[in-house]
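I have a structure here, written as structure tokens, and I will follow up with some questions on it.
The first chain written gets the first letter, and so on, giving A, B and C; residue counts start at 1 in each chain.
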Amino acid sequence: MNLDRFRDHPSLFFVDWSLRGVGQVVFQNNPLSGLVILAALAWNSWIYAAICVLGVISSTVTALVLKADRAVMRDGLYGFNGALVGLALVAFTSEDFRTGAIPSVAMVVYLVCAAAFTTMAFASMGAVLAPYKTAPLTMPFVLVGWLFLFAVLKFDAIDAGPMAKPVSPDQFSETVPYVLATWYEGIGTSIGQIFFQDNWISGYLIVIAIALNSRVTAAMALLGAVVGTVVAAVYGGPEGAVRDGLFGYNSALTAMALGGVFLALTWRSLLYAVFGAVISSWLWASVAIFLKPIGMPVLTSTFVLVTWLMLLGQGAFKSLAPAPTDEPTAPEESRAG
Amino acid sequence: MNLDRFRDHPSLFFVDWSLRGVGQVVFQNNPLSGLVILAALAWNSWIYAAICVLGVISSTVTALVLKADRAVMRDGLYGFNGALVGLALVAFTSEDFRTGAIPSVAMVVYLVCAAAFTTMAFASMGAVLAPYKTAPLTMPFVLVGWLFLFAVLKFDAIDAGPMAKPVSPDQFSETVPYVLATWYEGIGTSIGQIFFQDNWISGYLIVIAIALNSRVTAAMALLGAVVGTVVAAVYGGPEGAVRDGLFGYNSALTAMALGGVFLALTWRSLLYAVFGAVISSWLWASVAIFLKPIGMPVLTSTFVLVTWLMLLGQGAFKSLAPAPTDEPTAPEESRAG
Amino acid sequence: MNLDRFRDHPSLFFVDWSLRGVGQVVFQNNPLSGLVILAALAWNSWIYAAICVLGVISSTVTALVLKADRAVMRDGLYGFNGALVGLALVAFTSEDFRTGAIPSVAMVVYLVCAAAFTTMAFASMGAVLAPYKTAPLTMPFVLVGWLFLFAVLKFDAIDAGPMAKPVSPDQFSETVPYVLATWYEGIGTSIGQIFFQDNWISGYLIVIAIALNSRVTAAMALLGAVVGTVVAAVYGGPEGAVRDGLFGYNSALTAMALGGVFLALTWRSLLYAVFGAVISSWLWASVAIFLKPIGMPVLTSTFVLVTWLMLLGQGAFKSLAPAPTDEPTAPEESRAG
């Protein structure tokens, strides 16, 4: 099947670009991956699947209206931050985090503007980071997400309940023992939490979506989730947070980014990626505790921080090499070790 | 009248540069605008007018002593952050925010050093932002202002009362209805708050000061204030905060910056500026709520953040073009749409 | 004595590089300075001396494994942030801040990873700052230290007591009068606090260690400590915080950095350095009050912030000139005024 056949289609190109946008949340420039991810979201809650589509469309349309660079839009890179900011705004203002709630009209306007704003933030961060051969990653989403989540709590027109979702490890009981389900649910939900899905089956479906485009990246996602979960267990993280995937979702993203997507995959970069996953898991706890007093979730800030600090200076380390292509698709082609 | 006749005068040049410094708070490289702004401040409180002069002199003298680039000094660009930091330190340590209080000697030394420090911060931020064709805006003021406001509360020698001024929307009653004065006072005070003036007449006088140099920028200032106020009203912002101009001052600055000062004014950039004004208004509420626990005011941080995120990546969007001249004076000459 | 004879020695080079790493905390690319500093730490507590060695080894080995640039490693520049992060993690998790406590195995693993992570952070910040001819200073330590200190409080496996050390001026009594010991202890401890040593004799030993390599920098360290202490006294800082060296350690570092290390030493840059020391002292109080609600110490954040803001824009000021050599060793050779 030729996956690129709609990419420059006169009318369907937009569907193709938007699906790639969904896929780019996990670095997959592939419309089929995006489609399977939407299915994984719908498995958990059709509301989230619909919001994800709304977010990706808002930010991609904004890029079109502003006449952004076509090559960047074609890769779905203007879409993924919009998708995430939409999901986050609904997730953290819904009474039930797991299923989400249908947003009000005022909230939809707000959400669409937030998603559109990520397009500008993405271009700005991209311009600043370009000389250092480093990508904005999900920082536009994290920054815009935080800023828009705060304001939401103070506008009458938006009916935000108290944030129902625990956002920090110290909000979980410390006496619950680890069981088998802690492990297989925790690892799956770690992947699910990347898209705010409290559902381990959705998580494993997303792994399949990644594997459709790159088996190596799918393996790195699982490895990162395992590392994050094991680190939490060894250092005594509460069972509820582990099973909820909270210690693992940043680790999974960091492992993918460093293990093949932005660095050529070798034994050294594999160890580098595992190290990054360990740090990401510790720092999730750190940032969560820092943000708890103001009631903000960590989002993917730990992943971005760790990955930036491990990529910006890559030129100083001769044992690392950038992945050979600008287009982060299939690390299979870049394995050198 | 030749407005530039004192600009290189052997002894009066410093008066000219300082007045331009006052004007540059609202992007006006024009000594007459600066003079009218000082009159607008004096209309509200002669103390603020005097502090504004002290601040602009401190930072401009520092630039002279350090032998800064003459062209930059001549445009008043080393002065405006010093003026603002002086006003902020007095405003937030006075028992009566509206009139301000005459500062103690220890406070004057402190304030002069803070204003001098903005000169170094301006040069540093300017150097970092130069490759991206983006200006430091009022970030030196925001950063130095926050840092110096915190310390002030803990030094015995500086007699700081409790911060009397509400700094966040949730400090206002939510049950007061909107009346006609909410609108005309709120819009005027939005402009006044740029200079910490709780006075709507001073605000409209500042609009006149801007119009003396650029009618387009004056119109954008009003448009931004209107947008910020309307957005707050639609989303249920409390009447007291709206009438106080708090939802509007960042919007007014963002609208000016994007609507003619840094981007060539076209229909597209006009919409871009209105979008920025909407976001600035929402994010004022957001940052205010974030900062309230530590008792800090938002200052113009929202304007800087939104404008940076909408300007740094301007090169990626073909539908935007930079204003044709480096010297942000009269957008009339750059209208292309 | 040829101080460089072990620098390229086939087996002892690592000892040389590590000792330089210790010296680089106070800008001394000199193994003998590093050795005397370790002795100064051991005078106060052998635990801190051992932890300092562990930290510097962890980050330097990481640089070797990643094949970092040899010239940078030879100067000890990959070591000093690791040394500091190790000291900070032990200091702020020990029941007795003054002596420190022997860390658990889980803590040692954590600490070694944190020190290793500073190596990556140093390379990344170095890459970002390189175009502006500005060094990362101790920012890798500050950032990694903050992030790792937070998480530590929530992991069962790491037995962190309540942070025993006061971290903010308002935690000290305001009624204790200044005595003679306030001064000579406060100035000495200001230098000691750079390495978390609550010991004024250790502080003066560190001054000797600096003087072994550069008498000018040793003098600037003392001058900075004096300025920080005097400023605190004039503005009514509590005696306990002054005697503890808390108002002075950032000032001492700023004075060294601006007075000879990064700027050529002239009368103008001497005044510039004194101004920076004044600001650093004020802002220590400011950042301490900002961080107190979340229980975090200031570390050397004020020094980094002030020095960056006074160095990044140096090119804009004709009255300043960079120190003539890249290698910050002996400012004696660069005095121009």
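Assume a contact is a pair of C-beta atoms (placed from the backbone, for glycine too) under 8 Å apart; a residue touches a chain by one contact, two chains touch by 3 or more.
No experiment lies behind these values; they were computed from the predicted model shown.
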item	value
Same-site or different-site touching of chain B by its copy chain C, using the half cut	different
Superposing rotation of chain A relative to chain B, computed on C-alpha atoms, to nearest 5°	120
Inter-chain centre distance, chain B versus chain C - centres from mean C-alpha coordinates, in Å	36
Interface hub residues of chain C, defined as touching at least two other chains	131, 293
Residues on chain B engaged by chain C in the complex (per definition of touch)	65-69, 72, 106, 110, 113, 116-117, 120-128, 131, 147-151, 153-158, 293-294
List of chain C residues in touch with chain B within their complex	131-132, 169-170, 174, 234-237, 275, 278-279, 282-283, 285-287, 289-290, 293, 305, 308-320
